[in-house]
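Next up: the structures, one after another.
Common to both upcoming complexes is subunit A, partnered first by subunit B, then by subunit C.
Let's look at the complex of A and B:
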């Protein structure tokens, strides 16, 4: 399958459709995000389900594509995207964090095995070029198990989980959609600074709520947690709630406004624009 | 052409040795990306690791050499700076000059620094901050086991049945190691914590022993007394793998739970519970750190940990062992490289004629068999005028060493002080010459993690300003001193020389550690490294027990100074704060120093949470915010030592262990006063 991806990427180069390709690269047995400037570099282009492509760099709080766009506003960028990457781009675009105008996608479907390993609800992009769609993992077993327990048991389960927290901010740092300039998780007004574990459950729920209409379920938060808190269990539940309450799903359509962005006169606000 | 790279390297903070990528866009550092394939971190980092790129291009970075003129540091060219240093160094005899190497620098740089001291300056006066952290480990585990390093590997903790942590605040000092402690616990392991403070891991402990600071020997003897009394020792192990058991037995006999309760304050039933838990586990890992080592009885404490592990047969197998957690990113490596006054690289004694001859041949020079001075001794001799010049690389004794009023007096007495660092530290401010070095992000080399894993550090960006990597500075100095023995094309060539003269590193070269690090001893190019030590037999042959009597700390509380001060660190900062206090995300968490105090003491002294208090000892007085709570028990004050405005080490006691010369940073007597407005 990678041959097909490389071939399409080569065609994008040849037709002048793109000047660079952004994707994953294999280097010394490790896979990292990379910029490919020339056709002959594409031999190292790989696809992998495990590595993130669009992490937010700190302290700028912008991802590499945004940094490239700012430095090279005219650059035409080709991107090899999985389902999760596409949904991230849609959310970033919706929130004025990235311009999609100069981005050409090469959409790749993940296989069943990867979908299960990632617990991914939708292991393919809408813009699919290569690979075949397989079903995603819809049911969250961990959550189902928890929902069958008594409220008090659920409370103590989560109290225990959050009590392990060492306040690395890894869940936020690894999130491709945590780009806020001023992060409420850091602010003394919301949760006391300089303490571990940080206030339970405030510290974590600031993030969950802030991402309620944004999270696209990529799983990077949970993967970054050094103490194995099952963060996705909660964010998946919140995603479900948003769907039930507002019939809204993040990551589907860059033009669709989030139902949580309303003003008092019920004219939807646009994120990134002051009213 | 847009250049975007992810450069795999090793975190510059603690000894866990987490790998991560430095993200570099068109030559600029833009961020940190965890590595999911890294053996220790598995794609996770602590707050310091996540922010490890932030300080690199801080505006305060030293970018040009500086010379002191009329009390002020002014810029000077590299060439002139090195010429002046060379001329000055030539004025001093080997006994008048001393060198401090750095646990922050690479193995290659530490090797070169000790080679420079020994072969160019002709002195064995070379030491580094390991003196302040694990000098007692090197001595204590050396004499009991034959090797003074962490016995097992970080990942092995996960599969232990019992983990006994004594004097290590693992969550805050080695966050990614605490990950495996928690994973073990979630798999059903028992967790015993011995620490006066209610550290974060105590929340998950089956047993929390809150000993009076400085009574660890009694605590450990007590556990052994119980184990022998209940006959749950590992008789087979004792008989086959150890010696001198009778001596231990005779001593620990006296330490009944009742006696130990009187000394340590730990209820006898709790000690019995802990002793059983540890002894009855199939594989028990003992973890310790500064709470064990930083005492005048540091070696005794370490030996007692070794005694306990041997008594129960918990050495030489996976997920067991005695595991000193090394503090700095490369303090293990700096020791391995022989940045110590009595050994060459690989712990080869300077007093051994054969070893001396070997290094004389390798370096084409003459060497001395007289061991040099340790840090504390160097400073004492600087004060008396015997040491006249010092060359300090990447260390900040003005904040890290005990009794800093004395440190300052000593350093000011020097005729010539050269400090090589990335920032103008409190120590660099006192220097006659300051050389700008590069950070970890701007150079190639290796760091050795606490579990003896030698890993590649990779250059991500060009040096900031006119700074140079430490290895290059040392080579240029050596060349100007007239040596031909410091010509290396790259750090990789330095490692080749290290491997040639250092048996435990013999199998290591850059090609072999390109993908994944190797754990020493690595004895040949075919050897795959050593995940845990002392398999089948101890490094010294048989493990040796020593009977150790309890001795109290040197300075105990009295009427005038009624509190015990114990010092340490927080997860949000690192050591003297030169890097972390220049990192916004870390400073936001903890912007200034504080003293922890028990609420009952606070109530008695009419002190409320958050107010400023004076804390003073026989050596100094500081003003600091008080955090009132239940982390410390009554009678104890805890102060982290990161903060130059409220330096804990103004108060600490420089009294040191007679053998390891490690100062008693964990116990001294202080008084607390309310500030009257």
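Let's look at the complex of A and C:
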């Protein structure tokens, strides 16, 4: 499969469709994101389901595409994307963080084992070039467990989970869609500073709400968490709810506006009971 | 006897004027509510709601204009959508979603305002104190 990706990337180079390619690269037995300038560098190009490709680079808080654009102005960028990467690009473009005009996608589908390992609901991009679509993991065990709990049990569960938090901001830093310059999680108007664990559940609520309509379920926050807080459980549940209420899914269409930013006439809301 | 503390956000154009009318008409309503005047129900950031619970408030009331009557065209549309999402999120975190109530009260509905507040206070009394404040 990687041969096919390299071949397509080479074709993109030769036809002049792209000037640089951004993808994952094998480097000292590690997989790292990298820019490929020339055709013969492409032999190091790899595909992997786990390693993140798109990040917000700190402390400048610019997303990686903007940094590439700064270094190679006006260049056509080819990008080897998995399902999650494509959804991230669409959400970033929807929120005016990047322009999709200069980006040429090479869509790669993940295989079944990877999808199960990542607990991914949609392991393929819409723009699919290489690989075949496999069904994602729809039902999540942790979500089911949460829904089976009573309210008081849920509260004590989260109080235990959040009390482990060491406030490393790993979930926010790893998140490809947490691009705000001034983060509410750092401001003492919202949550007390200089305290571990942070205020429960205010600190985590800020992220959950801000990502309610943009989380694309990539799982970077949970993977980054050093104390294993199951952050995705709530994000996944809210994603389902937004789908129920507004018939909207993040990361599908760059032209479709988030339902929380529109009126009821533009995107109606269905009435429904919370679970 | 548990006396809940309730925070009310009332929009300047409808619900706050409704509360004013309730006062002028001498419609008695529960004194458990503390009202903050905001320009529009659409300005209510969900973080305000969570912050109130974090600080030990037992219930949050949001009053706005009826749908279609918003002074800013569609501010209350947004409030409705946000509150729906927040309610669900509170449920997953283990707080009763009934602790947040969004109601449409126009400037002419003083009586309705008093009734809505009394209902809400009665409901919160039934639910009990905010579990986040109990720990302090």
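Heads up, the rule we're going with is that the second predicted complex is superposed on the first by the 257 of 275 C-alpha atoms of A that agree within 3 Å, B and C clash if a C-alpha of one lies under 4 Å from a C-alpha of the other, contacts with A are read in each partner's own complex, and residues count from 1 in each chain.
The rule is simple: contacts are C-beta pairs under 8 Å (C-beta built on N, C-alpha and C of every residue); 3 or more make two chains touch, one makes a residue touch a chain.
Predicted model only: the values in this text are computed from it and were never measured.
> Superposed on subunit A, are subunit B and subunit C clashing or fitting side by side?
These partners fit in the superposed model.
> Based on the superposed arrangement, let me know which partner A:242 touches: subunit B (first), subunit C (second), both, or neither?
Touch partner of A:242: subunit C, not subunit B.
> Regarding the shared-chain residue A:205, is it in contact with subunit B (first), subunit C (second), both, or neither?
Touch partner of A:205: subunit C, not subunit B.
> Please indicate which partner A:15 is in contact with in the superposed arrangement: first for subunit B, second for subunit C, both, or neither.
Neither: A:15 stays clear of subunit B and subunit C.
> Under the stated touch criterion, which partner chain does A:186 make contact with: subunit B (first), subunit C (second), both, or neither?
The answer is first: A:186 touches subunit B but not subunit C.
> By the touch definition at the top of the document, which applies to A:260: first (subunit B), second (subunit C), both, or neither?
Touch status of A:260: second partner only.
> Please indicate which partner A:156 is in contact with in the superposed arrangement: first for subunit B, second for subunit C, both, or neither.
Once the two structures are laid over each other on A, A:156 reaches subunit C alone.
> With both complexes superposed on chain A, which partner does A:67 reach: first (subunit B), second (subunit C), both or neither?
Touch status of A:67: first partner only.
> Just checking: does A:169 make contact with subunit B only, subunit C only, both, or neither of them? Give me first, second, both or neither.
In the superposition, A:169 contacts subunit B only.
> How many Å separate the nearest C-alpha atoms of subunit B and subunit C in the overlaid structures?
Scanning every C-alpha pair, the shortest subunit B to subunit C distance is 12 Å.
> On subunit A, which stretch or stretches are contacted by subunit B in one complex as well as by subunit C in the other?
Shared contact residues on subunit A (touching subunit B in one complex, subunit C in the other): none at all.
> Could you pull out which subunit A residues touch subunit B in their complex?
Within the complex, subunit A contacts subunit B at residues 20, 28-30, 32-35, 37, 50-52, 55-60, 64, 67-68, 71-72, 75, 163-164, 166-170, 173-174, 186, 193-194, 196-197, 223-228.
> Along subunit B, where are the residues that touch subunit A in the complex?
Within the complex, subunit B touches subunit A at residues 1-6, 8, 21, 23, 25-26, 30-37, 41, 43-47, 49-51, 54, 171-172, 175-176, 178-179, 182-183, 186, 200, 203-204, 514-515, 570-572, 584-585, 588-590.
> Within the complex, which stretch of subunit A touches subunit C?
So the residues of subunit A touching subunit C come out as 146, 151-159, 184, 190, 199-202, 205-206, 208-209, 212-213, 233-234, 237-238, 241-242, 245-246, 259-265, 269, 274-275.
> Which residues, counting only subunit C, touch subunit A once they are in their complex?
Touch residues, subunit C against subunit A: 46-47, 50-51, 54, 67, 73-74, 77-78, 80-82, 84-89, 91-97, 131-132.
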